[in-house]
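Two complexes, one shared chain (subunit A), two partners (subunit B, subunit C).
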Partner chain A sequence: MKDELILRVQGLLTEFYTERGTVKAVHDVSFDLHRGERLGIVGESGSGKSVTNLSVLKLIQYPTGRIKAGKVLFKGEDLLGQSEESVRKVRGKHISMIFQDPLTSLNPVIKVGKQITEALRLHHKMGKKEAQAKAIELLKLIGIPDAENRVEDYPHQFSGGMRQRVMIAIALSSDPEILIADEPTTALDVTIQAQILELINSLSDDKGVATIMITHDLGVVAGMCDSVCVMYAGRIVERAPIDDLFYDPKHPYTEGLLNSIPRVDRDQNQRLHSISGAPPNLINLPPGCSFMPRCGYAMDICGKKTPPEIFLEGETKRTVSCWLHVKEDKHG
Partner chain B sequence: MDDTEKLLDVRGLKVYFPIEKGIVFKRRVGWIRAVDGVDFSMTKGEALGLVGESGCGKSTTAMAVAQLQRKTAGQVLFEGRDLDKMTPEELRRERMNFQIVFQDPYSSLNPRMQAGDLIAEPLRIYVRRGILTMSEEEMKKKTLSLMDRCGLSSSFYNRYPHEFSGGQRQRIGIARALALGPKLVIADEPVSALDVSIQSQILNLLKDLQDEFDLTFLFIAHDLAVIEYFCTRIAVMYLGHIVESTDSKNLYRNPLHPYTRALLSAVPLPDPRKERSRKRILLKGDVPSPAVERPGCPFVDRCPEAMRRCGEEKPALRDYGDDHQVACFLYEGDQK
Partner chain C sequence: MRRFFKNGIAVAGLLIIGLYIVTIVVSMFWLPFDPVAMNSARVLEAPSLSSGHLFGTDEFGRDILSRIMKGTSVSLLISISATAFGGVVGILMGIWAGFLGGRWDNFIMRVADVLFSFPSLLLAIFIMAVLGEHTYNVVVAIGIVYIPQFARISRGAIISLKSNEFVRAARSNGAGDSYILFRHLLPNILPPIIVQISLSLSVAILLESALSFLGLGVQPPAPSWGNMLSSARKVMMLAPWTAIYPGLAIVVLVLGFNLLGDGLRDILDPRLRNVR
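And now, the complex of A and B:
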């Protein structure tokens, strides 16, 4: 079952238009998602991880920004080529999203119960009573005590962790095939984060939902994903199954990132490794590899040509975008 | 004064915020007990980390130590002198010795001031007050040397904050805090607004500065891994109390308080194999409201090991040997 391809993103290119110039937020991004798989997308702020997923759901608004090129194939059909109306039938029903900040993504003047039933009534054409009963059932499922009464509460009466649980309930209410979670625990404390990740894990296991987990925290990815894409300056620099990425990183950025995290499980007497410099400005990106100015292995060609995303020899799941791993002529 | 003596001594610190109702006739209807009886002391040259989740009172504690937050009760002694008993003039002089690095480098720098002026501002204020004597030239020289030490090129002198990245802004914040040559630096979440690759640069910078200027750090953070890397001693806070305090290596090897254990087990490790084999202690529910006065242990509602006594009596922070203090009845018999 795990091998069934459910989402294929190909050559995605998303730009934003600002006063200072065009921001190439996502540049030639491709990845696959299989049924039941948990894919992590990691990167630092501005690396394009959120924009990638907004683009998948066609949520980029013109004229601020535009998806310039690429395909998003959901079960073989390109979402980007479809009308807004038909995309809307997929969005929230077949592909759901959980956002980072549960306070701003819930409507403060509508009761929590109503916000859950809204999705059910829209996508499943349920009646009022039926939807209300389902909403209570969902709240119980996500571990909110006293669900019968809490459906009548407003979002501000819930704590941060509980609001995020409500968001998860809404996202899963329509039995989606894909769940996109955009930094779902970044605004939460670690003990609450552990509860929420556990909840996402167990619910997506039960229902066989494929999950895309967007995060800046490599620890979160290690704990729940099957495979990872590492993004830097709008591009995927490395794609790999989880263990390969953590124990045998191929891209210098991935390697640097892993070494610069302080860890609680090690006695760290030696100095923390750090990547010098800062991520580039995405307006007027210089030619070549965007990581070159910070890279310890930089070569001549790195400043001239953008490295292609290539599969590692003998691998079908690992790609890397780095000249170090390109075997042929590096001077052409 | 000899070097091993206490640099900072905080005793019975309490900070309560009133909850008020009514607009014209305001009346107090309760208290938020942000910090509810905190004791700790720091020796010269150490780095003490205060760690805990949001609302546990770690930042309020730091601000009360820095005299930026009025205390409800308690004493703060700096090199043995009670900061509360000082006149404003004396306190101003004393303040040169303890400076703060703030969390958010985007909102803590005046957007209309140039980097050089931002760093020199503390010097300028003390010169104007007649506490320091320094010429403009000396000030500029000092500023440039601080910039150099904090990894900022001298060509940045006339730039404005918006021209800098988050990491560079935090470097300005650090240079500014060091301008007056403090003995104690209070760092309130100095790296939590930064990306991982920048975070490690700033942590390394702070470590280098600590060695070079012989600084003592009170380091506030919610990230246990950052605290472990940077600090020599750690105090874990929960709901306005210190629940456990010990040497940083010891805390990770041998956490005693049930809250510390849960907290440590909740930290995700960037190591898939370890993550798969790990057993998490999942806590029930959320942190309770600090507005409710509770007779017992602050952690009792969520504690997997709670006993009847825990709801009735507050456990005191006691020493169990090896400089390991815990506030929990589970260890009462082992006390030394």
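And now, the complex of A and C:
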């Protein structure tokens, strides 16, 4: 069952319209997600990680932005082609999301218990008493003591870590098949981070939920995911199973990322490696590879043509978008 | 709730309003005199215990206390229904305008701006002149004056709220527009709206009195505080009680609503919550 394809994103293109021009936030992004798989999406701020996942649920609101092209095949059906009404039936029921900031993701004036069962009430028309019992059950599941009384509390009476747990409970309440976690631990301190990741891990293991973990923390990816997509300037530059990526990065950007992780075994006086330069402005992307200006291996062709996403030889799960790995026709 | 009873101002306001409500209830079953019965023998009698006319009589010999009591229900009823009408329409328009934004928002708010550019009394007089002099038209006129006020307050509150992450979270749970608007956003904007309601109730009393005073509101012989003042105008120097008591009735009730509104503002505004 593990190899059953559950989500396939193809050629996703999302734009935002600002006063200064059109921002191509997500550019030709494709990836697959299998049942029970844990996929990490890493990249720096503004690389399109979150927008990719908002697009999967069609949560980009016109006129701010628009999904211009691509397909999101959930169990073979394209969500992007469906009406708002029918996508709504998927959100929170089959695919749910955990947001980055637990402090603002809960409504301050609604009791926690009621918010936990929101998805259930929306999708299953659950009655009040039943929902209350379910809310208590879910609070117990995520390890909140005194659940019977805490369901009556408001979000401000919970700590940040507890609120993130509540978010997880909301996301998992209706037994989704896909869980999208958008930087679920960014706003939390390190000890709580570990607990939250552990919780997501164990709950998704128990229920066989496929997880997309969006993060800029390679440590989180290493500890949790089966495979990784590395995003840069709106594109996926490398896709690989977790171990391959860490031991044998193919894309210069991935290599740079891995080199810039602080390490205990390195000389204390050595300065931390950083990738020189800054990410490009997504409004006026120059032709060619967007990483070229910062790349140590840049060639002539890199500035002229966008590198195609190619499967590495002999691999079925690794792709990379870089001219270094295109065997023939390097001079365009 | 506990915070409410700790707030002396709000409780004082509520007590005053309670007094008027008791008056209404009493006036439904018992009045000292018939409020519209004229008595040519007792015209402009000064207040006295022995005659039974505690607040005196007017130029037709009608008992002023009875008329004030009867007028209380008219004034309060108009004030409450006008606020309800203006509030419901204004809030609905405002929250949808704020939530949807764009053209609809622009249209609604420009209409509101136009209505705002008239002084409220002038606007109310204008609407009364168009609709004709009927008690229920007073409700409509005051209600229309209120629509832009409620619309603006709720629009502003919704705009600052709708970019919150919890809105997106609700959407990702499968909630639709109206679910988000009414279940998530509306409860969040209640505090400023509640304050606005209590202040609107008091202004409605004044507007109703002003309209009746000008002869556009409640028509004689039906008593209302405004038309009592209006008829007292001619005999005020001779018999000051004809003006003083209806005037007092207005002032005290307006004071009550304002105290309640101020108190509620202190209670509901989290920034003032810990100031003591």
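The definition used in the following text is that the second predicted complex is superposed on the first by the 324 of 332 C-alpha atoms of A that agree within 3 Å, B and C clash if a C-alpha of one lies under 4 Å from a C-alpha of the other, contacts with A are read in each partner's own complex, and residues count from 1 in each chain.
One rule holds in what follows: a contact is a pair of C-beta atoms (placed from the backbone, for glycine too) under 8 Å apart; a residue touches a chain by one contact, two chains touch by 3 or more.
What you see is a predicted model, and the numbers here were worked out from it, not measured in a lab.
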Exercise for the section: Tell me which partner A:312 touches in the superposition: subunit B (first), subunit C (second), both or neither. Expected result: neither
Practice task
Considering only the touch criterion stated at the top, classify A:301 as touching first (subunit B), second (subunit C), both, or neither.
Solution key: neither
Handout entry: Contacts of A:161 with subunit B and subunit C, given as first, second, both or neither
Key = first
Exercise for the section: With the two complexes superposed on chain A, say which partner A:89 touches: subunit B (first), subunit C (second), both, or neither. Expected result: second
Practice task
May I ask you to decide whether A:324 touches subunit B, subunit C, both, or neither, giving the answer as first, second, both or neither?
Solution key: neither
Exercise for the section: For A:44, select first, second, both or neither according to whether it touches subunit B, subunit C, the two together, or no partner. Expected result: first
Fill in the blank from the handout: In this superposition, the partner of subunit A with more touched residues, subunit B or subunit C, is B
Handout entry: First, second, both or neither for A:69, with subunit B first and subunit C second
Key = neither
Completion exercise
Residues on subunit A touched by both subunit B and subunit C none
Handout entry: Complex contacts: residues of subunit A adjacent to subunit B
Key = 44-45, 159-162, 189-195, 197-198, 216-223, 242-243, 246, 256-258, 260-265, 267-268, 271-276, 278-279, 294
Fill in the blank from the handout: Residue set of subunit C touching subunit A in the complex reads 102, 164-166, 168-176, 179, 183-184, 187-188
Exercise for the section: Enumerate the contact residues on subunit B facing subunit A in the complex. Expected result: 53-54, 165, 167-168, 195-201, 203-204, 207, 222-226, 228-230, 249, 252, 262-275, 280, 282-283, 286-287
Handout entry: Contacting residues of subunit A [partner subunit C, same complex]
Key = 57, 59, 63, 84, 88-93, 96-97, 99-101, 104-110, 118-119, 122-123, 167, 170
